[in-house]
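Each of the next two complexes has chain A plus one more chain, namely chain B in the first and chain C in the second.
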Partner chain A sequence: MRRFDEYHPAVLLAYYVSVLLFSMFTVHPLVILFSFTGAVSYLFAIDRKRRVLKDLWFYLFLFLLIAAANPLVSHNGVTPLFFLNGQAVTLESLLYGVVLAFMLSAVLAWFGSFNRVVTSEKILFLLGKVSPKLSIVLSSALRFLPLLRRKAGEIRSAGKAVGLYASESWWGRVRSGLSAVSALVTWSLEQAVETGVSMKARGFRLKGRTHFSAFRFSGKDLAVLIFILAADAIVFTALGTGSLQFAFYPRIALEAPGVLAVISLAALLLLFLLPAVLEIGENIKWRYYRRKI
Partner chain B sequence: MKKNILFLVILIAVVIAALVFGVRIQSVEDYYLEHLEDVQPDSRTVTMSIRCDTALENREKLDPALQTEKFLPKDGIVLKTTEYVLREGDSVFSLLERAAKHEKIQFEFKGTGKNGGTAYVEGISYLYEFSCGPLSGWMYRVNGKFPGVGCSEYFPEDGDVIEWVYSCDLGHDVGDDWQGE
Partner chain C sequence: MAILQTKNLTFRYPEEKENALSGVTLTVEPGEFVVIAGASGSGKTTLLRLLKREIAPYGKKTGDVLFDGIPQEEMEERDSVSGIGFVFQNPESQIVADRVMHELAFGMESLGLSNGEMGRRIAEITGYFGIGDLVRREVHDLSGGEKQMLNLASVLVMRPKLLLLDEPTAQLDPIAASNFLSTLKKLNLETGITVILTEHRLEEALPIADRLVLMDQGHAVFDGRPEEAARFFETAPDHPMKDGLPTAMRLFGNDAAMEGLPCPLSVRDGRAFLRERYGNEVRSLVKDAGEEEKTPEKTAGKEETAAVELDRVWFRYEKESRDVLREASLKIRKGEHFAILGGNGEGKSTALRIISGLVKPYRGSARLFGRKTTELKGPELYGKILAMLPQDPKTVFLKKTLKDDLTDVLLKNGESKEKAGEKVRSVAEELGLASLFDRHPYDLSGGEQEKAALAKALLKDPEILLLDEPTKGLDAAFKKELSGMIRKLTSNGVTVVTVTHDVEFAAVSADRLTFLFDGGFREGAAPETFFSENVFYTTAASRISRDHYDRAVTVESVERLMELNERKRAE
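Up next is the complex of A and B:
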């Protein structure tokens, strides 16, 4: 067993693509619930509790917004609760809004862990073979914003040290801010030019250069990849035959799921919980070994 | 800082005012409590019917959620031909709204349909636009002709025959040839 983020980048990519696809292209409430649970429990496993909770507060705001907005614009459904300006506000559209909100929170949470697990190094590794140009553009774009933010902080503190931002007046503060922005823009332009020159000096795009990577595709990677692909096959079959279809309008279809639906729901549950299980299992193992020392 | 608080207070006040004056909340019973005038010998009337035969003819294209008999009437008649008393300023839309309330037929529209606002009928009796293929939706005929204006813009006259029909082919299958061939 390894931590989830230590698997081969191709495995991670396959995992995130399938998880995001399944979360976005079905409105089956159980699938969405599984996806949300998996995404949030993995976030809790890899990050400090307080930071995850802070993120979840933001999700809660979005959640309420979407859950409340759907019944205001969609009036289909057999169970009107009350009428708003001559249009029905129905139980079905309210529940549909809640499921959509869960879906969006789940996708956001998956992207939250994606940013931490699939680092730009791994993206570079995956894309470098296909298109070096694209990978260089992507990696500099991904790096640009955090870099800019850090530099802006540096310029701000340097400015404070020499007496900018001291003025009480509104206009004075704007002028200090503008001078900082001007310094930042100059710096980033210069940095872009320097990057280009430096890459040229190191022989970027010369023929006959090989690619070094620290990632190896091992048997464990293969095992997890086969698991992911098997789950994909089951779920795509279920989606193709309509077994995972779920209708909210006009009436919420509460039918007993068929055999294929049950199998694919089980596969989806395992798939969504995979990262959290690997991470938590590894943590338990780590604690156990430490106790033995 | 004080300016921000003032701005916030004004914003909240505007929102509350909009909620109080712009929002009308009715209970389900209140909404369906629609009074209709009795037809007198001298009253101006129109007849109206709502039919969805084309959706039944194209069952293979119909939304799976609507396939059960519960939602689509077997004979295609959502509202049988009924006589309604014409009120001052009645549009086809306001007649539909009144009839739907009285018969407790679910329907959804976009727009206001009142005070000069326009309205577009999205669905009647759980059968919506696009429920039966990408070219489907509700249309209305007056005396056998499709007027080609929004239903809140057409003001029927005494004796008019209004028919709401569901089309699965932009009107071709219900006799509208506005596009030519």
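Up next is the complex of A and C:
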């Protein structure tokens, strides 16, 4: 086993597409709950707890906002809890709001780990498969951003220390700010021309460009990819046949789930928990191996 | 067969009246290490770029360039791209990708190599250069020296036969620069790759070169072994390029050349030559010749007014980062040129930023003429008291022509148009910039940009001028000029503080200097004292004359001692 983020970018992409799709296109409370649990526990596994908790406070705020807002605007449902301005606030719409809030938090948490796992390198790799040239353009953009930020700082302090922005008036400051921006643009153009020459010198115009990557697709990648695709197949079948449907309105339908529904729920649980399980398993193994060092 | 030939190569940029190159004929054999030297504007970069078709400048070209016997125009693009590698001056702008690994792969991707082949070549080159630990890093985290190494490696993975380098060490600190040059020599010796290098830093480049080509106004005026260049300078003793030669060569005078002695290139050979040819009855300029040592007398009376004072300053950039300065104290007198030397990352530029009030120490204080920088307001501090020139002069240019750029400073300050124009004209004339008024500041040469930035700072008549690495990437002629400008300023009472890596410049130009190390300043001293006490971190002149003469740290003082001893011998 490997840590989740060490799998092939294509596997990671397939994974994130699947979990995001399933989290966004069902309102089945169990699915959403699984998704939320999986996303948050993976975040806890890869990041410092304090940072995750800080994020979670934001989710919680959003969560309460949505959970509370839904019943105020949607008056569907048959079980009134109380009346506000002559409108019923129903149990069904309150629960629906709660599920929506969980869904949104889950999706945000998935994006949170996506940002950390699918690094620019991996995106470039995937893009390189489609178009090597596009990939290199994106790569140089990524290179240029920190450079631009640094230069902007340099231009500001250089101008200040040479006395270009000595004017204290409001208008003077706006003007000096603008001229700093224009200096930054001039500098960027100059830089871009030089980079262009360097690209030409190394044959950017030649036909038949390839894309280099240090990623190799191994047996383990294949195993996980097959697992993901199998889970996808099951869940899509269930979605297609309506087995995973869940109705909040007019009243919450609590029926015994069919066989397909049970299987697909199990598959979803495994799918959502996969990164956290791989990560935690690897942490335990690492502790064991470390004792041998 | 020659790997590279130019036949009567002549080139003119569009809308220029003069040729940038006239009739350059060169033949380079495989495995040669050629250094092309010349003042800025002598056409050496133009020549180098014309050798690689893909990046040749636009303009009118006549004559031929042959690579491996094939005319440039008839080459397959693929062969030209991979066969001739080019490393540019600016380590930053030639990098394309965001990560080191991807940058290394860039050229090979263009050639359409397979993934396996690329991986193998990357492993090989990083192993050879010992930069394996950089591979996973993002390029913006690398130092200048590491970036330039990366640029060299990314060219070499394409397996060129000929390597062209355009002043590759100009933007590097001395240690990174000599590292880079010795890597080049190693490559040349161990793989037989042909190297053509343009350089200002001849002190280190010439001893490793097989051949020197001197460019002057578009002509190749000298082409031969570096030792033989002394002959050329016999015929042109006042040639501006002479100041750029290695110290040992500069000391090798006309007399010695007449006697048919071999010209020394390195410090080692220079020492031997000096001892063999010149006596040392007169050991020091101070005692025997009765000449005055300039520094103590010049500044003794100015003890009471500290123009700049750092009082037990502590500084770090972030709460959690390390201290850059630790209880650093410094006193700079009014009207002196004070230089701060020090290794890379020791906080020299930070010290300058603290003096200028751009950043504030968390403990201790910075004072200008006795007043704390924290108490000085922007308009007074930057409008009247001080001005600082950043390392990259381009960062201060805001307008489309030099004239507008300079005038704008004063107009913004609320001066009338006429007055501003007059002031700009007088400052520009002083610095020799008037003929460049209509040019875009970015189109000026490096030295001209430095001067233009200096002019900008001087427009407001600052009492303190701070210079951050003013000689970076500039040739000997400019350094000499800058020295003169600084001298003029200090004699008018302006205090100049320079942060520099350039020991040769500091030795010639500074009144006093100090070394920044481990967060604190060593005690300030006159260059003669400072450099003659050092054995390693000192000027080449001092290393050559050590034990033979006392306190001779500049070429001029060694030359004078040589002359005095000659006279004595003649008596």
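One rule holds in what follows: the second predicted complex is superposed on the first by the 218 of 293 C-alpha atoms of A that agree within 3 Å, B and C clash if a C-alpha of one lies under 4 Å from a C-alpha of the other, contacts with A are read in each partner's own complex, and residues count from 1 in each chain.
Note that a residue touches a chain if its C-beta (ideal position, glycine included) is under 8 Å from a C-beta of that chain, and two chains touch if they have at least 3 such contacts.
Keep in mind it's a predicted model, so treat the numbers as computed, not measured.
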| item | value |
| --- | --- |
| Partner chain(s) touched by A:57 [first = chain B, second = chain C, both, neither] | neither |
| First (chain B), second (chain C), both or neither touched by A:242 | first |
| Partner contacting more residues of chain A (chain B vs chain C) | C |
| Partner chain(s) touched by A:170 [first = chain B, second = chain C, both, neither] | neither |
| Partner chain in contact with A:289 - chain B first, chain C second, else both or neither | neither |
| Which of chain B and chain C A:84 touches, first, second, both or neither | first |
| Residues of chain C touching chain A in the complex | 52, 54-55, 77-78, 81-82, 86, 88, 90, 92-99, 101-102, 105-115, 118-119, 122, 138-140, 154-155, 158, 353, 356, 358, 377-379, 382-383, 386-390, 392, 394-399, 408-409, 412-414, 442, 453, 456-457, 460, 462, 466 |
| Interfacial residue positions of chain A with respect to chain C in the complex | 120-121, 124, 132, 136, 139-140, 142-143, 146-147, 150-151, 154-155, 157-168, 172, 175-176, 179-180, 182-183, 186-187, 190-191, 194-195, 197-214 |
| Of chain A, residues touching chain B in the complex | 75-76, 78, 80-88, 242, 245, 247, 249-251, 253 |
| Complex contact set, residues of chain B against chain A | 23-28, 30-31, 63-66, 70-71, 97, 106, 108-109, 123, 126, 128 |
